[in-house]
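Following are the structures in question.
First chain A sits with chain B, and in the next complex the same chain sits with chain C.
After this line comes the complex of A and B, so read on.
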């Protein structure tokens, strides 16, 4: 339970604060900046929870802000506080577009109002933007889509405390549609030789619902855990296999399924059926993780030769190890070079290459990379002839980014999406898209 | 037509009055004028500007009466603004709020639930007894309100009131209302009531009997769980985690009912669910254990793809859970591989977890981890590299095969060779390995060969612990060093400037090798240690050595002291005591679980475990030793020491590299006691000496 929530600038100075309890002094936050500073002096390990004279400071960083929660009790649920802070930033993001020092300064009033509704006496209350929007009266300056000013006096919507607390009643659309995006992010760690040390697929099912009334949705996907009746001996050997071409039905086993709060968890637990009444607009319906080993989708063979005190040579061969018909878009290969390298010269057949000195790396961009193709490049950079003080050699991996549309690595696909609205009984249109992309950690280690 | 147009324009201009704008300067006079302006828009604007000034830290309390005039309005937006302002000054200028009390009471009956809530929420925050007296009727009424939104706010107000004025709160009897709110039909009200009761229980446990209430409401909680917001779920799960199931059937039932929440998207809900399951796990039947632990481990793993702060909490909690259920995540090693862009604090925790969860009987897995750790040791962040090297040692000692230890050693040797500034960490690590395999000749000679090759050891090693280890090594393997005397001399030169661990180590080594070194060296060191060192323990130590050496047949005595064999270094990972562990398991996901500081321990002086570095351990040990010395000094019965000894040695296991130091301290301990008694009783000195040596012998046999 938080005693107060603070927005601090990059120096740790409070810009906006809301105290929920008086068990901390007004000046408690003033200790945060020196505390942080002192710790930074000492080492580069800055844990997100600091303690000073029995006052606990839990903080997250977002853009140029520190969002801090202060508590005096060690019994405070730290997990809850951290999740709340992240949620708070997300909600503000919905209101202010960007959450940074300037936008916070411009929107004091609405942030106060939100803080007041989202937390009471340090206990998180309601954090659904869609519901908050209905009874938060203030307008923000940068609100993406101004909420229709409700003519009627604002009052808490009745659904707020119902069991369906995420959807208001009386929503209508002319055309009823639901869009499903299956996004898979591949995280992979490979050695220089191409051995995969770690690979995981993090999948998200994002829904944009534009449906009237209180629709009940039922989603069917080809997960083995969900449809255990269909037996299949297909072993996902990592070959990004086609979903449609194979005659035998491919079933994948998803781990760590996580659902949006609208999904009836007990129904899923007992009957393995995903049913839900969706919130209006965009939301993430579910996420999952797969640890089945996968072959690298984009593989780079990078060779670096350092001729110390004269030059560095880099050869890179990139290969798209995906099906011929599929295309990887916006492929970016970031190859680290020493800090003091300069005067780059490149030879390459495809895409564009530039040197990014602020990241000490060269960036090779290939807009579209068809499956099975292989491109290569060579780069040469000068190294200063006088070596400075023996700097520790920085070992950084090659990072790769890409997007592959119309394709899921795991082979998951949507069997059906049934939409029923008992009262209105309209015709509705579900749309499904698939995309595979690099996660935040798709890296190849260098020798 | 033109003139007519103009005329119309002029007419319009004259007849429409434009609400004046408030400038951004925010001067008090301007704001005051704005607040009493006849234009509603201007007034509203003025309130906003006032709040803005307030946030910027300006004292706008003088505007209080003017702002308050605006509270009587039908415009919800304006009312909310005024309440925001009032709420802020409710804390700093409570006396001003008296002016608003009538409005509060009226607003508490407003048809709009939002306004009812605002008024009750604000009223219960004002620290003025006069206002609190007015709170009774509105609070009672709102607690019974038709609207659950109002009820959920009102139950929290009870907790607020309780903190402000306990007597009044009890007198009003609203606590009973609060308790009955646990049976409310709305799950959010139930959750907030639970939170409020937990809060009150925390302030004064005698007022409400929370455990009893939880006991009688378990079924309500389990029902409400499926129908409320994520935050309410956390509160309810928190209450469930405090409940002990009556039998294995009930425990199983609770686990079955909550485990669906392991799939909730909010990681805090997941962790709260894990806590409930862990609580009930000891009670369930063995055959169900496997399925549940599978679910648990997959849920824990899932938190590894959430924001880093959350991962941090989870990693700290995993550390606790693993100690109770070490086999839980054994298949998930790869999940904890460090990601390139993890924050440093997460990286360090991950290394710790990996070393802990690796299966020490699985060579393949250990090899995999060893390669991985070696890879980390070649990164650039110094803390990360240190931790990886430490991890390599811990892993090698955990796996414990001599072959594996040699392999780890080879890796370390390669690392030192590769990067200059790893000498400190590698030196400590290698000595730890050697303590684990003291008899392995190959390891000893490899390490000594490397360290011997360092030309100027006192400048290549920086940290106290590293130097201490280096000198310890010289003391134990003098024959493997060339120019031993010269190297020691270099260290001795800086004796006074060194920190205490190094000093102690030099002292012991010099005494140990005193037959091989010129007599002046020993004399020199003992003199420096007794005269120029501030650290009392070092002085005492030197003093005792000196006395021992000046005694008749000192050689055999010193010999015996030095020949004592330290116990083999078996476990490089520290563990919680059973008691602490049980407490921590009940406090998962709280801040205390991050610090590994269970609530009950907090009252006592307790060193932050997280920050315990080697140096601190030395302090601890020294404290222990000091107490022991003091005790023995006063105690003529030497054998008492033997009784205390096993206890000390068990805590000694926690310390990693100081066991032999400790051992030596033990040695001088008992002799110290003897020497002091010897001064009292000169005659029987030889007699006593015999007792003491046999005692030392006994002590050493205990190991």
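After this line comes the complex of A and C, so read on.
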């Protein structure tokens, strides 16, 4: 349980605070800035959890803000607090667009209201923006004088106490649509020789629902864990379409499925069916992880030769190891160079290359990279003739970014998305998109 | 209007004038202006401008009376709450208004009033709160949101008026047991009851009947994510399974929650299951797999949560001899972009995960980090390699030593320092195995700079002087600059010079020894060093003189140059503390790995409540290797293949064609060849949570 939540500026000075419990002194937060300062002096390691005189400070950083929660007990659940703080920033982001010192100061009234509503005695309450927006509106300055009206405005929506706490009743759209985005991020760590040290695929299924009423959705995907039963049923029925077409069975095994709170987990556990009543608007329905080994989708063979005190030569061969018909877009290859390198000269056949001195790297951009193609580049940069005794060593890895539309690495795809609204019975349109992209860590180590 | 204008310091009469000028007119505009004025008061309170704002209490009360607007009410309550803490006496006048608001028909205002009532620490407020809040909890006609607020208010009231709250506890318990209570009230009551019991050591630990516990678990479906986690948190410890069957049943119900996207829920589900495992005799391997997978996927969260999860991984790795987790080391490889606190924690995990099997991969990684551009990181990696050499058996230790020697050739200054430092520990653990390395190390005598590595080097030279012919020459590098060294290095030099002399009394060693004793006693300013030198001196002279029978040469050697015990790295924690920490998974205590009771004496540490099903020790839990399910899975696979082979074109089934890049390729140069099975076993029976089925079912562990 948090005893208080504080927004502090970059130096750790409080801008805005909300105390939920009495067990901390008002001045407790004043120790935060010196604590931060002290730790920064001492070492560069600042863990997100500090302790000072039996007061625990837990914080996250966002833009130029520290969002701090204070608690006095070691039994306080840190998972709760960190999750809540991240959620809080996300909700504020929905309200204020950007969450930074300036916007926090500009909107303190609404933030107070939100803090009041989202947490109670240090226990998180409603944290869904859509639900909060029903009675905390940006323009809360309107005068509501009459008692009757006050009631109408102030009454929390009945849904708060409903079993479906994430969706309000009475939503209507002219055209009922649901958009499904299957996004797979590939994280890979490779050695210079092409040995894959680690590869994982992190998949997300994002949904944008624009549906009226209380729709019940049923999602079918070709996961083996989920669908083994059903596919064998299909075979037994002798249904021709899936067999005679000679299609390979793309049954994928997903690990660590994580679901949004709207998914009926016990139903999934028992019957392996994903059913849910979606919240309105954008949300992440589920995420999964796969550790099946995959070939590097974009492989770069980077060769760096350092002629100390004169120049550095970089040769890079990039290959798109994907199907011929698919295209990787916005490929960016970031190759590190020594901090003191200068006067770059490049030779290349495709894309564009520039030197990014602030990152000490050269950036090779290729707008579209068809499967099976192989491009190469060569760069040469000067090194200062005078240098210290130490040989220039830079252990930073090569980072690669890309996007591949209409394609999932794991082979997962949507079999069906059924939408039923028992009362309204409207026609609805599900849309599905696939995209594979590089994750945060798609890197190739240099020697 | 932007709030920015509001957020500046004002004088009390400025605001008062503003409020008064708009008081009369009833138009919308002036009402808005009035509100802006009130907002300025609150803004100034946040800025800490208490003294000025204290004058405005009458204004606040005036508006409280006449305005019915929700926002004005909010501001008034906020004013009382902030002032109540600083100066409780000044706010007593507002009490009647608050009580009046409690009777308001609007739920929102009632809730506000309840919160304000318990926020002010003055006697009048507490009296009123003690009178009113229990009645709110008891009344059935109150809307659920208000009841919930009242229940939570009890928690706060407990801090000031414990006796009154104790009277309400039976009622809370009844609320939990009652059927058809609104779920949110159920959760609030459960949570409040639990935390009151926990924060008052004079109360018995809360223990719920099995039926109540199952009722709470059945509610999980309908709750929002935060409440879900609260239920799981409260049930840990308080729901004591009477039999293994109960425990299995509860594990089954909670298991799906591991897949919740909210880390709070997932970790609490994890904690609850880990707790229940103390009450079962065996678990299936598939559970371990699910555990591990859910932990790994939590590592893809923001850095703070990742940090928390990693700390808990450390806890879980430490806590049992047969760990509940079966993790692949590659998840703990450090990324270039990781924040430093994550890198540190990952290193610790790697250290704990290292065993004979995983060592080669881990060493390869650590060697990478050791040549990292970040000096801190590099040092820590070397330290980790050194610790591994101490932790592991001979063969693995020698692998570590080889790695260190490779790094030594790298020759960078701080790497050398660190390697010398860790080598001392390695040699103390394996005194005779790595003698051959000594001469490689000694080559770097000139380049050691830091006190710690100097100490280590001196220790190595002293202890392995037999292996070197020129040890005195090397030693003189240190002894010649004796006075420039830091105190602890001076101590080492003194000790070693005396040891050399005692071991092999000859003119050379005597000269050095006397020189050191002299410098210490005559030139040094430090009394400790001086005293030590005097002590050695008198010991030595005692042995030299005719009183030698009092102190034989043998015993002199024993005193000055005795054998040191072999060191062990102690990573094990006390089992009682581990038990408590395991019940605190996800809390701050789990980050520091310190028991709660060590820091807060007034909170009761968590411990396992007795039950016939409770395991006597945690080593008792057996993990069943479930071969049956595997076979099923396998046969299912072959079934699929059979079908496709029979029906479809053969050529389409050749393994991974050349242009088939999107397929997981079989022959990737992958380091880990382990095949993961699906996280859920397909043959699991579906279970209905109704009481009847529960009673009738005959259970085997995870059939």
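Criterion: the second predicted complex is superposed on the first by the 406 of 447 C-alpha atoms of A that agree within 3 Å, B and C clash if a C-alpha of one lies under 4 Å from a C-alpha of the other, contacts with A are read in each partner's own complex, and residues count from 1 in each chain.
The criterion applied here is as follows: contacts are C-beta pairs under 8 Å (C-beta built on N, C-alpha and C of every residue); 3 or more make two chains touch, one makes a residue touch a chain.
The structure presented is a predicted model; accordingly, all values stated were derived computationally and were not measured.
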Ask   = Touch check for A:11: first (chain B), second (chain C), both, or neither?
value = neither
Query = chain B or chain C: which reaches more residues on chain A?
reply = C
Request  = Figure out whether A:259 sits in contact with chain B (first) or chain C (second), or with both, or with neither.
outcome  = both
Request  = Would you check which partner chain A:433 touches, where first means chain B only, second means chain C only, and both and neither mean what they say?
outcome  = neither
Ask   = Which holds for A:124: it touches chain B only (first), chain C only (second), both, or neither?
value = both
Task = Scan A:292 for contacts with chain B and chain C and give back first, second, both or neither.
result = second
Message = Quick check on my understanding: which residues of chain A belong to both its chain B contact set and its chain C contact set?
response = 1, 15-16, 19, 21-23, 26, 43-49, 51, 56, 58, 60, 71, 73-80, 82-86, 108-109, 112-113, 116, 120-121, 123-127, 153-156, 160-161, 163, 165, 189, 197-198, 202, 255-261, 264-266, 268-269, 284, 286-287, 289, 291, 390, 393-397, 440-441, 443, 445
Key: Partner chain A, residues of chain B touching it in the complex   = 48, 51-52, 55, 74, 76-77, 80-81, 84, 87, 91-92, 112-114, 117, 121, 127, 147-149, 152-153, 156, 159-160, 163, 186-189, 192, 195, 199, 202, 226-231, 234-235, 238, 259-261, 263-268, 271-272, 298-299, 301-302, 305, 307-310, 312-314, 334-335, 337, 339-341, 343-345, 348, 372, 375, 378-383, 419-421, 587, 589-595, 597, 599, 602
Key: chain A - residues contacting chain B, complex   = 1, 15-16, 19, 21-23, 26, 43-49, 51, 56, 58, 60, 71, 73-80, 82-86, 108-109, 112-113, 116, 120-121, 123-128, 135, 137-138, 153-156, 160-161, 163, 165, 187, 189, 197-198, 200, 202, 255-261, 264-266, 268-269, 284, 286-287, 289, 291, 390, 392-397, 399, 440-441, 443, 445
